[in-house]
Each structure stands twice: as structure tokens, then as C-alpha cells.
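Common to both upcoming complexes is subunit A, partnered first by subunit B, then by subunit C.
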Partner chain A sequence: MGTLIYISSFLLFLIGLYCVVVKDNLIKIIIGIKIMGYGVCLFYIMISYKSDAIAPIIIKGVKNYTDPLPQALIPAIMAASFAAMILMLATSIRLFEKHKTLDMSKIKELKG
Partner chain B sequence: MLLLIFILLPIVSALILILYERINKESGSLITFTSTLINLSIVIFLFFISSDNRIVYHIGGWPSPLGISLVLDSFSLLMLFVINLISCLSMLYSIDYIKHYDSRAKFFILNLFLIAGLNGVVLSGDIFNLYIFLEIIAFASYALIAFGLGKEDLEASIRYQVIGTIGSFFIFFGIGFLYSVTGSLDLADISKIIHQHSATNRAILFAIPLLLFGFSLKAALVPFHAWLPDAHPTAPAPVSAMLSGVVIKVSGIYGIVRIFFSVTGVSTTLLQILLYAGLISVFFGAFAALYQNDFKRILAYSSISQIGYIMLGIGIGTPLGYAGALLHIINHAAFKSLFFMVAGAVNYATGKRDTRELGGLSKKMPITYISSISSSLSLAGIPPFGGFFSKFLILLALVKANHLTLSILLVISFLLTLAYFIKIHRRVFLRSENSELYKNVKEVPYSMRIAMIILAIICLGLGLTFPWIMKTFINSAVNIFTNGINYGNIISGL
Partner chain C sequence: MFEIFIILFSIFVLIAAIAAVEMKDLLSSIMALSVVGFGLVIIFIFLAAPEVVSAQLVIEILCFVSLVVVVNKTSKVDETKLYSMREISPVSAGLFFAIIFIIFGLWGIQDLPKFGEPVMKVSSVYIQKVIAEIGAKNIVTAILMDFRAFNTLIEVVLIITLFVGVATILRKRGRKNAESD
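Up next is the complex of A and B:
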């Protein structure tokens, strides 16, 4: 059970990566990136888990606490991935104004 | 305390500029240039005051594993010098260059955040802050690439955004694995814990490929290079100079060296991967550059090739190879930034970037022409320019490490480099058939000229002062590579 949750968070990450690589529509690519981000966030939540531990508040007689640090890192990464999403959506609005499409296979001004 | 200025000064001046932008949308060149100049003078000051080039600053006075610390060692100092030199000169260049763009204040605000992020990455002693500063660099460069708002700019930017965000997530996943094993985010502390308790832990063996994938995406090593030839040419010229000269080195190579050499420790397999990925990059970049016609696109492919040389030098795994790679970091920053500035100057004066349509500019734009010669001689590795010594050191290290086939291939790649720079020169500056089309072409404004001349002198000076540079800067930075895993013990004692 313990390893299953790690595998599932990595699976979520890979589903997002598959979506980014395979889809042509820009909005679907951005959704894929968000799914990748959620996979990583889930992984960070899981590494702070310990069995038979309580929330990190000091109580007399209890020695086993969960790790509070990864949860504190999650807001930072959420803000960063939120900013990434906003920038991508803003760019795709501008691209739609120029090309009248969001299909990346049709937007080919550059040779790569 | 001095270290905090590198990060805070650009951010504070950006915040001032955000407020002042409401009054005047076209301001900001002076405050940006001044703050980069102050940063540059502090770096030069740091070279003289610190005897062993090692400073640790604990933010808020908290001791190291608990609090956040800024760490300066000789490799960071070298990178800090490159960052602040190139950013200062490219801001000087953009005072006049950016005049034909609208809302210039936004350009300078984004550039200040870019500089703050670059300084933050090389100074951060904390793996999570390193990641946050990487994101700041990435966002600022995404926005700067799309700054022209043309069709090409937006497309290049969105491609870079998608690929760059994937790279960032891979790095972040790798950091999660490192944290889950060591329970610490401080680089020195992680390094100590890994080598005392869990050197062959399987989670760390899984984290290394994730981090390598993320950082190679940022450095544009060959299987992951697809974003670079779009993103670097479409940006405004001073931004291209920053991106090619500094950003790929800081967010790619610095990350690889700091995480793998100092924290997790390198294995022979990793060095082999870097060596062969570097060699493939060298050849791919050089061949692709030969087939391009766009001036800035040739330079972008050439950047892939030159990053390959640096990776190859690191991948050899001997002190001589490291020295060559470090020297090539400085040289490449100088000549590639200068070359992008030259391309920007040609574009500024004629409005064209396609080398087939240009010609005969050597008499119309003498200063641009002279700086172009200086940078391309350094790029091609002609003595006594700086590029010769770094490429020669890498070649020497390959021969000494008994990689004879590779060294022959490397010599062939030098010739390819020579070929594409001759192509640029013949088409843009020397051929005179199109010269009547450009009767009204004038030399570019003063700030652009001064920036190009200074960099041209630096390209030559790096070669002429080669023994002194080796003795004062490179040798102490090579110690960071060779000390490797002792990083934790050295830093946490301070």
C-alpha cells in the first residue's frame, strides 16, 4: 500500500507528460502541464507521511510527528505553476488573435 | 551581507521601476544600467577581499541546516563575474537598441528580474531556493522572448514555456527524492548526509536521471535542444546575448555541476553520458549552423555546439578538462554575447536578418565589423584570442585521457566552426554586390558601439592574459570540481 501511492503520483506525472507530448491543442497541453504539477505536489505530500504519527504540534508524551516541511513547500510550487499557467494562457490568447487557431500543428512559422 | 545585494538590488530597482512606470512608460534604462554596474563593481571587489573566495551568509542569523544561507565559493564567484559582466554590457547596449520598441520600462523590469534570478541561482546554498530562482529566470526569459509580440515571438515563447516547464517539474521531482532520503534542503547538509549514510540509496539513483533530464533541457544538450534555435533568435538582441551567453550556462551547466559534483557525487557513467552528449551536441550544432541562412539562427545553433564543448570538457573528468570547460564558459559568454550584439546591430541598421540579402557592410559599419572579427576569431579558436586557449585545453585533456578518436573528431569540429563563421563574414560584411541597396545605412548609436567595443577588447584580452586568468580564477574553481563531495564538510564549517 505504501509504495502504491508513490507509484500513482508518478503515474499522474506521466499521464500529464503523455498529454503534453501527444495533444496538439494548446489548451490541452496546458491542462497536461497542470496534471504534471499535481503529480509532483501529491508526491511532496506523500513523502511527509509517517505511519502512526500525529500532526506536527508538540504534545507531551508523543514522539512521532509527521514532517511539516513539504507541506510548506507546496504553496511555493503552486504559486510558481500558477504563474506558469497564467503566462501560457496569456500567450495563447495572443497566438489565437494572430492565427485564429490554437492547434500547434498548424502554427508553424518557425522551423525548429 | 554583501552577497544579499546581488539579489536584492535588482529586485528593489525593479520594484521602484514598476511604481515609476505609471508616470513614464519609456524610462528605466539609467536605473537598470546603474544597478548592474554596482553589482559588477561588487564582484570585482569580492575578487580582491576574499583570500580563499569562500563566504557564507546566513539570512536572519539562523544556523545553516535550519535557516537559508547564501554560499559563495570560487566556482560561484566565476559564474557571478560572467553574469554581471554580460548583464551590465547588454544593458548598456539596450539603452539605444530598445528605442524602437514600445513600453521600454517593462523590458527593463523583466531584465532586472532575470538578473536577480541568475545571481540567486549561483549564490543559493539551498536546493529549494535554487529551484525558485530557476523559475524566476525561466519566467523572465519566457516574457522577454515574447516581447516583440509578433507571430514568431509568441510561437517561440510558447514552445519554450511548455518545454521549460516540463524541465522544471523534472528538477522539482528530483529534489523531492533527494529530500525524501536526506530530510534536508541545505546543499551542504544533503551532501554530508548522502556520503555518511546513503551513498547507494536507490531513491538517489532514481533522482539523478530526473535531475539530469531537467538540467539538460535547460542547457539545451542535443536530444533536448529543440526550443533553443527558436527561442534565442526571436528575442531582442540584448536579451539573446543574455540568454545565449549566460542563462543556458547558469540554469543548465551550473545546476549540473553543483548538484552532481558537489552534492550527489559523480559516477563514471554520468561522466560518460556528459562526454558523449557533449560530442553529439558539438557536431549537431555545427552541421545545423552550416545549413542556416538567418544570421541569429546560425548563432543559436552555434550556441548548442559550444555548450557541447563545455559538457565535453566536464565529461572528460580530469582537472585539465574542467579547466578547459570553465575557461570556455567565460570565453563563450564573451564572444557569443558580442556576436548576438553584432547581429542586433546589423538588424538595427538594415532591418534584415537573412544573410542572403545582406552584403558589403564592412565599410558602412566599421566598428560593428571590427567587433564581429574579434568575436568570430575567438569563436573559431584562432590564437591569440581567448577561444583558442579553452578549445586547446579541452583537446589536450582529451589526448591525455587517451580518447584519441574523440580528439580527432574534435579537430574536425573546429574546422566546421571555422566554416560557418567564414560564411557569415563573406555574406554579411565582405560581399559587395548588394551595397547600392544600403546607401543610407549608418553606424549604430553610441551606447551600442561602446558595449561592442568593450566586449571585443575582452575577447582579445582573455587570450592575452590567459596565464594570469588560469592562475587566479580557474585553478581555484577547478578545486570545486576535484574536491567534489567534500563540499558539504567545507561549507558547513563556515
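Up next is the complex of A and C:
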């Protein structure tokens, strides 16, 4: 099996990338960006897993823990993607109030 | 056996992600996105990451609630048409870059550490120091609050910036327009 299991996180990232590039609806674009963030998180957690080790909570006498450093980096990624998503949602509410649609192709035609 | 289990859950998550991308009804699409998030929570539990599980649960629920609120305020159905004639070039460019990404990904994946055997140069030092000097029960919390405390501080600044930005975007009228209206 080796390293091939990481492909699942790459595929998750690629589904999000496809959604961001192809879709026109703003909510769909935000969903695509969320899926890309999930792909990155899944990759970090997969790369931190150690077989025959326990979760990084200290028990006396045990010295075999999974890698705690990527797990400490993940909440930063999550907070940043959450903040970006909330800002995009606020902007899309404003755009809907002005143009009465969330379709990016129509909003591009209406500019000016 | 364990890897096959992880792969099955990953396929479940991938199917939910494709459903979230392709559904026309936006509310069902958001629910499929939540299926992706909670499926990832199950995978994280089996990959021994309890700290990430709690953070992912909280942020997933917040995302779901805010997306449902926004969809309720705006339109509920995705009415865009796929592939009008002038959009073929960006779509083909996207597919081209996706293929390049897959090729280079498969090339670079061979130099990664194998699944189940991480490189722990820094982390082993962290674990030894936590056991010997710091004495916290949870190693991840010790890294977040002690070794990387400045990183966590800047994250808090990020959240404050988030609130300021949302208040700036969503306020009803600007300061100058208030007098003329």
C-alpha cells in the first residue's frame, strides 16, 4: 500500500478545485473552497499517523505517540479557512442585495 | 486491514463531496458538505487525532449554521447553466492543470514518508521535552500554548480581524451617506 493512500486527499482537493473553476454560483464556489481545505486537513492527518502508536495524550510508561506537530498545525488552517468563508458569505449577501442574483456570469455582465 | 477501512471511508467522503458539488438544490448541497466534514471527523478519530476532532466538530457546525442562514437570505436553487460556449476555455484550462497536478502529485508522492511511519525529527524532541519539563497531559495543547504560542496569538488576531471585516461589510450605511440620506 505504502504511499498510495494519500491519493484520496489529493482527489478531495481536486474535486474542490473543479468546483471553484467550473461552477458559477457563489455558494457553490464557497463550498468548493471548503472542500479544498478539507483535502489539506486530511493530508496532514494522514501524514501524522503512526501505526501501533497511541493518540498524543501522555500515559505513564508509554513512549510511542503519533506525530503531534501536524495535529497542532491543523486548527490554524481550520480557523483561517473559516474566517475566509465567513467573509465570502458576507460579501455574497451584499452582492445579492445589489444584483438580486448569485450567478457570477450575470453579475459580470451587470458591472458598471 | 486498517488501511482498507480508511480507504472505504475516504471513498464515502469523496462520493459526498461529488454530491455537494453537483446538486442543484443549495440546501441539500450544504448538507452533503456537512456529510464530508463529519465523515472526516470519523477518519480523524481512527487516525488518532482527538484534538483535531474537537476543533473540526465545532467549526463544522458553525459553518453549517452560517451557510444555512445565508442560503435562507438569498436564493435556494442553483440556476446557473453549465458550459456556455465562452466558458469552454477556462474549463479546459482547469482540466489541463488538474491533469498536470495529478501527474506531479503521483511523481512527488513517492518521496513522502510511508503511511504509518512519519518522520519525527522535531516532534520527538517536543515529546521528550513535554514529558521531562512541561508536564502537560496533552502534547498538542503543550505545542499550541508553549512551543508555538506566538502562532496561536496571531490566530486570535485573525479572529478579531474576521469580526471587524464582517461588521464593516454588513453594516447598513456608511458614515458619509448617513447625513445625506
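The rule is simple: the second predicted complex is superposed on the first by the 98 of 112 C-alpha atoms of A that agree within 3 Å, B and C clash if a C-alpha of one lies under 4 Å from a C-alpha of the other, contacts with A are read in each partner's own complex, and residues count from 1 in each chain.
Quick note on the criterion: contacts are C-beta pairs under 8 Å (C-beta built on N, C-alpha and C of every residue); 3 or more make two chains touch, one makes a residue touch a chain.
All figures in this text were calculated on a predicted structure; none of them were measured in a lab.
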May I ask you to decide whether A:H99 touches subunit B, subunit C, both, or neither, giving the answer as first, second, both or neither?
first
Could you tell me if A:M78 is touching subunit B, subunit C, both of them or neither one (first, second, both, neither)?
second
Check the residue A:L17 against both partner chains and state whether it touches subunit B (first), subunit C (second), both, or neither.
both
Does subunit A have more residues touched by subunit B or by subunit C?
C
If we overlay the two complexes on their shared chain A, which of subunit B and subunit C does A:M36 touch? Say first, second, both or neither.
first
Using the touch definition from the top, say if A:I107 reaches subunit B (first), subunit C (second), both or neither.
first
Under the stated touch criterion, which partner chain does A:T91 make contact with: subunit B (first), subunit C (second), both, or neither?
both
Subunit C-contacting residues of subunit A that also contact subunit B
17, 47, 67, 69, 76, 80, 83, 87, 91-92, 94
Applying the document's contact rule, which stretches of subunit A touch subunit B when the two form their complex?
13, 17, 20, 26, 29, 33, 36-37, 40, 43-44, 47, 67, 69-70, 73, 76-77, 80-81, 83-84, 87-88, 91-92, 94-95, 98-99, 107, 109-112
In their shared complex, at which residues does subunit C touch subunit A?
2-3, 6-7, 10-11, 13-14, 17-18, 20-21, 26, 29-30, 33, 36-37, 40, 43-44, 47-52, 55-56, 59, 62-63, 66-67, 70-71, 73-75, 78-80, 82, 84, 87, 90-91, 93-94, 98, 101-102, 105-106, 109-110, 112-118, 120, 122-123, 126-127, 130-131, 136-140, 143-144, 148, 151, 155, 158-159, 161-162, 165-166, 169-170
So, in the complex, the side of subunit B touching subunit A is made of residues 128, 132, 135, 139, 142-143, 146, 149, 151-152, 154-159, 161-162, 165-166, 168-169, 172-173, 176, 179-180, 183, 185, 226, 229-230, 234
Mind pulling up the subunit A residues that touch subunit C in the complex?
1-12, 14-19, 21-25, 27-28, 30-32, 34-35, 38, 41-42, 45-51, 53-58, 63, 65-69, 71-72, 74-76, 78-80, 82-83, 85-87, 89-94, 96, 101-105
